Structure formats: C-alpha cells, structure tokens
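Labels run A, B, C and D following the written order; every chain starts at residue 1.
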Amino acid sequence: MENAPILVVMAPFIGAYLIPLLGLWWERYCYWVAAAATGLSVLFSLTLVGSVLAQGTIYYTVGGWEPPWGIELVVDPLSAFMCLVVSLVSLLAGAYSRSYIKKELPEGKATSYYTMMLLLTGGLLGVSVTGDLFNLFVMTEIFSVAAYALVPMMGRKGSFLASYRYLILASIGTSLLLLGTGYLYMVTGTLNMADLAARLPVAYAYHPWVVLAALAFFLVAFGVKSALFPLHAWLPDVYTVAPAPVAVLSTLVTKVGAYSLIRVLFSVFGMPLITGAIPVAPALSWMAAAAILAGSVVALQQSDIMRMLAYSSVAHIGYVMLGIGLAVQLGLTGGILHILSHALAKGCLFLCAGAVMYRAGIRRIDDFRGLGYRMPLTMAAFTLAAASIAGIPPTVGFMSKFYLALGAMETGSWVLVAVIVAGSLLTALVYLRVILLMYFGAREGPQLKEEPPLGMLVPIVTLALACAVLGIFVRVPLSLVGPGVRVLLGM
Amino acid sequence: MGIAEFLLMSLLVVLAVAAVFMRDLLAATVVFMVYSLLMAIVFTQLKAPDVALTEAAVGAGVTTLLFVIAIAKTDRREEDV
Amino acid sequence: MTTVIIRTTARILAPFIQLFGLYVIVHGPISPGGGFQGGVIVGASLILLALSYDLASAEARAGHAIRIAMDSTGSLLFAGIGLLSLLAGGVFMDYGIIPLPLPAAQVRALMILLIGMAIGVHIMALVSTLFLHMAEDHE
Amino acid sequence: MSDLVIPGNVPYFISVALLLIGLYAMVARRNLIKKIMGLNILSTSVFLFLIAVADKRGGAPPITVPGVDLYVNPLPHTLVLTGIVVALALTSFALVLVIKIYQEHGTLDADRLMKL
C-alpha cells in the first residue's frame, strides 16, 4: 500500500462529500458512510504504522511533482502515531454520536454533523502527514472551519457566541500562520519542510529578524490552536456548549496543534536554532508550567462538569508543551506519550459526561451524588480515565508523566519536576471530588440502573480500557514514539 | 514603482482606517468594497492578474454582499457606549 | 417601476456574466482565471438574479437539493479524477498516467480542464448556497 | 536604515500597516461585524505581502506568452488564491453566527454580550 499516505486523508474527505448527497434522500445511511470513512482511515493508519516501522520514513509526492513545486507527504513514526490516535479516537467519537445526536441534536442536523465531523478528521489527518508548510496551513484551516461549525450544532444558549469567539481568536492565529509561512518563503524560497530545515540556518545568519518574526507567528498560531495557557480563552466556553463527541474531537484539535508546533520547531527550525540561537524551548517549558498550575487550580473551582474538564485540558496541554520545551529525548517521549494518554483519558471523560447528560440530564458536579450506583459501568470508566489523567500507576497517564519527570530531571530543572508532581496532585484532587460524590454521596430517591445505550457504552469502555492496557503494555506505543523522537532530535 | 502606485497603496491604508472607524456599518461596508477593488488593482500592478480577478469577484462582490445581508438582518449602527 | 428596470437589466446581464464565467473556467490552464474564479462569477450571476427577483423564485429555480447535489458532485469529481490516476498505477493526482489514446501532456491538460470545471460547479453551488442560506429567514 | 526605504519595499510597509489596522479592529472594536471586517483586512494584508514577495522587477505575469522568459513567481499566487477561499468561508460562517447571536441576544456589542 504505497498510496496509504494520501488515502488516509482522502477517505474522510470523500466521505464528507458523499454524505450531503446521500443525506438528501437517505439520511439514515449517513452514519454508516461516516463510520466506513473513519474505519478506512484507521486501516490506512495501521498500514502506515506497519510500513514506517518496517522501512522508516515514507515520502509521497502528490501529482508526481517533485518538491519544491509539488506537495510532499512525509510520514515518519510520529506522523503515523498521530494518524492512529486521531483516526481511532474519531472512530470512537463517531460511533458514540449515533445514539447521542438522535436525542441531543435538533431535527435534520445529522447530515451536516457527520459532514463536518469527517472534514475535521480529514483535516487533522492531513496536518499529521504533510511535509509542506503551506499544506499545513490549508489543512489547519479546513479542520478549524469544521470545528467552528460543529460547536453550535446543539443550539445551546450562548453556543453561537462561543463559536464566534473561537473563530475570531483562531483566525488571528491562522492568519499569522500564513504570514509566518510567507516570511520563511521570502528568505528561503521553499515551502517544503525538509528543504526549509536545510536552508534556515543560512537564512538565519542573513535575516535573523525575519526568521525570528516567523517563529513568533508560529508560536502564537499553534499556541491558540492548542490552547496554551495565556491563549486558551476560547476553550472553556467551546467545551461547555459543544456536543460531547465534538468536545472529544476538540481535544484532538488541541493535540494536533501541539503536534504542528513539534513539527515546526524540530523538523523546520531544528534543534540548534530553538535551543541555542533562539531560546524558545526554555520559554515554552515555563509557559507550560504556568499552564499546568493555573489550569488545575481553576479546574478545582468549577461547578459545571464540562467546564471542569475543559480547564483540566488546559493543564494537560501544559504537560505536552512541557515535554516539547524540555527538548531532550526522555522529556519529548513523555510529552508525545501524553498526547496519547490525554486523548484517550479526556476523550473517555467527555464521553462519560455526555452520557450522564444524555441519561440523567445532569451537568452540575454537585448533582453527581450517588451516580456511581445508577450508571455503574459508565462511572467505573470515568474513574479509570480519571486515574489515568491524575497519573496513578499502572495507567498510561502515569507512564507519560513519569517520562516527563525523568526528562525534567535530566535537564536538572527541579522546579519543573516539582510542578509535574504538584500538577498531578492537583489533578487528583479535581477528580477525587467528583469520584467521592459519585460513590459516597448520599443516595436519594429510587435507584434505577440506567446505563446509556450500547452504542455509547462501547466507546466509553474501550477508551477506559485502553488507558489501563496501554499503561501496562507501554512498550506498544513506545515502539512508535521512541523512533519518532529519535527522528525529531536527529539521532 | 512610480508615484501613482505609491499613492494607490497609501489610499489602501486610508480606506482601511475609514472602514474600521466608521460608525455606520453600511457605509463601512461600501468603503470596504472600494478597498477590495483597490486591492485588486494593486494586485494587477504587482503582476498577479489571476489573484486580482479573484479578489475583485470575492472581496468586492460576494463578501460585500454577505456583509450587506448580515447588516440588513441585524443592526445598521454600532451601539454607543 | 424600478423593479421592472432592475429585473430586465438582471435578465439581460445574467447570461453574459455566466458566459464570461464559463470563459474564465475553460481558459483556466492558459490565462488568468480557472475553476474557482469562474465559479464565483457564475455564482454571482445567480445571486444577482436572486436579488432582483425574490428569494422564493430563486429557491424554486435552484432549490436546496439541486445545489447540494451540484456541490457534492463537483468535489467528488475532483477527488475521483485524482483517484483515477491512482487506480491507473500512478500517484494521487498524477494525471498524465491515465490511459487515454492521447499524449500524456494532452491528457494532463484535459484532466486539469475537467477538474477546473468540477471546481467551478462546486464553487458556484457553494457561493449561491452561502448567499441563499444567509438571506433566508432564520427561524 | 536608508536601504530599507527603497521603492520595492513599499508594499511590505503597507502590508504591515494594514495588518495592524486589521488586528486593531479584531481586538479593540466592539461591534461583531467590525471584527469580521478586521479579519478581512488582516487576511488581505497577508495576501498583499505574499504577492509582493512573488513580484520580480521586469517580470511578466505568470501566463505563458511566446517570447517571454522572466515570469513572476506563481507559487505565492496559488497560496493567495487558497487564502481568499478560506477567508470567504470564514467570513460567511462568521456572519451567519453574527445573525444568530443577534437573534439570541438582541445586540452585537461585544462588551454587552460578555455581561450576559
């Protein structure tokens, strides 16, 4: 399957354009097209993983035009890893959507919902495999527009305003992304990432300010996308009003934002520039530390479950960014592993919160009293995912934080180690509050068992189990993350 | 680059400032349309006729129209403090 | 009275605008323009008609289903031609490899023209949908 | 400093000025439609920058004409074309949102909306 790099992206896009056509006459088949398209993406991602592990980085030129004229897709271990995470989580979120949107979405929205979902997935996958800076911009815009459109789908109060604020903030980011791309093009004459990496050191010697400005633009652009601490203002409102599966996809959006930052910092600017000439990596790690502490503290004060999860996300993006900022092998491994562990755990938590809203109509954390007996399986999954988020062994969340702490020790910054530990304790506190209420809060009224429908339960349980299983068999994700990090650091 | 082109581009800045600071949204939209047309002319000056054609059709045509519809459905004047 | 003048002008003008749009689409490979620009121009002519008459008759002429169908078909055609070269054994969007009894360069040009048309249809439907969707009464 | 102010650099300065005006409109203007207008000014400023990068002195437009060798660089032009499509999609979606916000809250003033 030498065409897997393009097919993994095209499958969702073709599905996205098939669905409106299908939705005109047979709306009930839209779900199956969406499921088939994301399922195909999962298959192609697995193929990519297989061939990357077997033969190293894959290069694929679209249209047979060699770079710098054509667009090149580059799949290294990290890209394959991102593809797999994105397509798997989208598949589960899509499966969950089937029952969920029947009840929660207004009539006649299913077609556009699935279209936008596939566009979002396709855009995220496109960012993961591209080796071209401009293509990165296009794919970013595609998934951003789809995300703006998905947020107000439920028509909740204030959802249009949340989507609008997200759009304005993120558009500033993407405009700066295009401008930064233009700056780099001006000084190097290429948009291909590999060529850029080769020419940038020379360009930096001649035009330091242009390169510096471009780097600043990229930082702001991906900082907004990934909701890095001072630029996270859009995130809480969006997560609060969006449908639960869309919140899961939004966590993927922030992850892919972080991935783009990794790509630009390590594959375009390169280690010597970002740690030596321009000390952006240390600055990033301090911002990340601020994000971890601030996000966790604010999450403690929330009364709405979605809002609490949103602020917790701000904190955990901080962990990923910390891994990037450390810029050493162990730290980067931890940061990238945290992309996986947080996507799984936070995805599970959002789906659980969505299921609670679906069945019991509960959003306030105080109302979770005794819920552990009403929805035992869902709440068990919630507890498991929360354990992973808080970093309790043997979950995958523990492993990622462990690697992060090792990386921080390696660089000798004990403050950062302390921040990692303190952040974990704060996160544990945040979730312990909910779990205690669920299991030990006073029970009121008749207790009925009311689990969500099977279609929603299966993704929840799958994600929760994945948190635990991948933690025990951490070699499996590491077999992909390890080579990915070595490629990034040029080892 | 002659004086004419320089004046043309300076006019762009003037129009942008006017579009941003006008309190009547409909008037600001018209100014924005002129701004887009002028941008199209500047693009032809910089030897990008294809981009100029698109900018004229999209910026001055469709975008302006969408603004007008949105203003017709909402409020024409910016609210005072 | 003014509506009569506007309607007559729009009716006379629209075919010429559409013709110009088509010209821009088919001349895409060799002159400024292409599928996107031409599509916008044709879409703008539809909007002109919709504005000079009323939205109901515009909806009746080019209803929601037709526009959605055109929109999807255009983009599917685009993706389909890209995939065709993949089926012919090349890489994605490598049009020269599609087996037609013509020189590779001509096949390439032909496919680029087809894709221009597909994009034109897509964008035309999209632009008019954007307009009609915004102009219709929200609830 | 004097080598900065050569005539070829004028588009870059204009582009920066427009960028700042657009950013100002998006951040400081309170009307939601004005913010979208600012977004459009911001993106056209980026387009102007890219077109200026492509421009070559004495080059011809990138259209094949017999007997012409020196063309301006067509790659940034395709970037800008894509950018225009994206800006149109963003603008139209944002304006739909604005109409919905107006119907829900009855105002387009950012400060008042934040107080709700």
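Note that in this section a residue touches a chain if its C-beta (ideal position, glycine included) is under 8 Å from a C-beta of that chain, and two chains touch if they have at least 3 such contacts.
In this text the structure is predicted, and so the values were computed from the model without any measurement.
Across B-D and B-C, the chain pair carrying more C-beta contacts is B-D. Chain A has its Cα centroid nearest to the centroid of all protein Cα atoms in the structure. If each chain is reduced to the centroid of its CA atoms, chain A and chain B end up 37 Å from each other. Put simply, the C-alpha centre of chain B and that of chain D have 10 angstrom between them. For the pair chain B and chain C, the distance between mean C-alpha positions equals 25 Å. Rounded to whole angstrom units, the spacing between the C-alpha centres of chain A and chain D is 29. Annotation for chain C: residues 32, 36, 130, 134, 138 touch two or more other chains.
Among the residues of chain D, those touching two or more other chains are numbered 36, 61, 63, 81, 85, 88, 92, 95, 98-100. Looking at chain A, no residue sits in touch with two or more other chains. Annotation, chain-chain contacts: A-C, A-D, B-C, B-D, C-D (touch as defined at the top). Of all residues in chain C, only 30-32, 36, 130, 133-134, 138-139 touch chain D in the complex they form. The residues of chain C lying in touch with chain B in their complex are 24, 32-34, 36-37, 40-41, 43-44, 47, 127, 130-131, 134-135, 138. Per the touch definition, chain D reaches chain A in the complex via residues 19, 23, 26, 32, 35-36, 39, 42-43, 46, 49-50, 53, 75-76, 79, 82-83, 86, 89-90, 93-94, 97-98, 100-101, 104-105, 113, 116. Within the complex formed with chain D, the chain B residues making contact are 1, 5-6, 9-10, 12-13, 16-17, 19-20, 25, 28-29, 32, 35-36, 39, 42-43, 46-51, 54-55, 58-59, 62-63, 66-67, 69-71, 73-75, 78-79.
Residues of chain A touching chain C in their complex: 3, 6, 10, 13-14, 17-18, 20-21, 23-24, 60-64.
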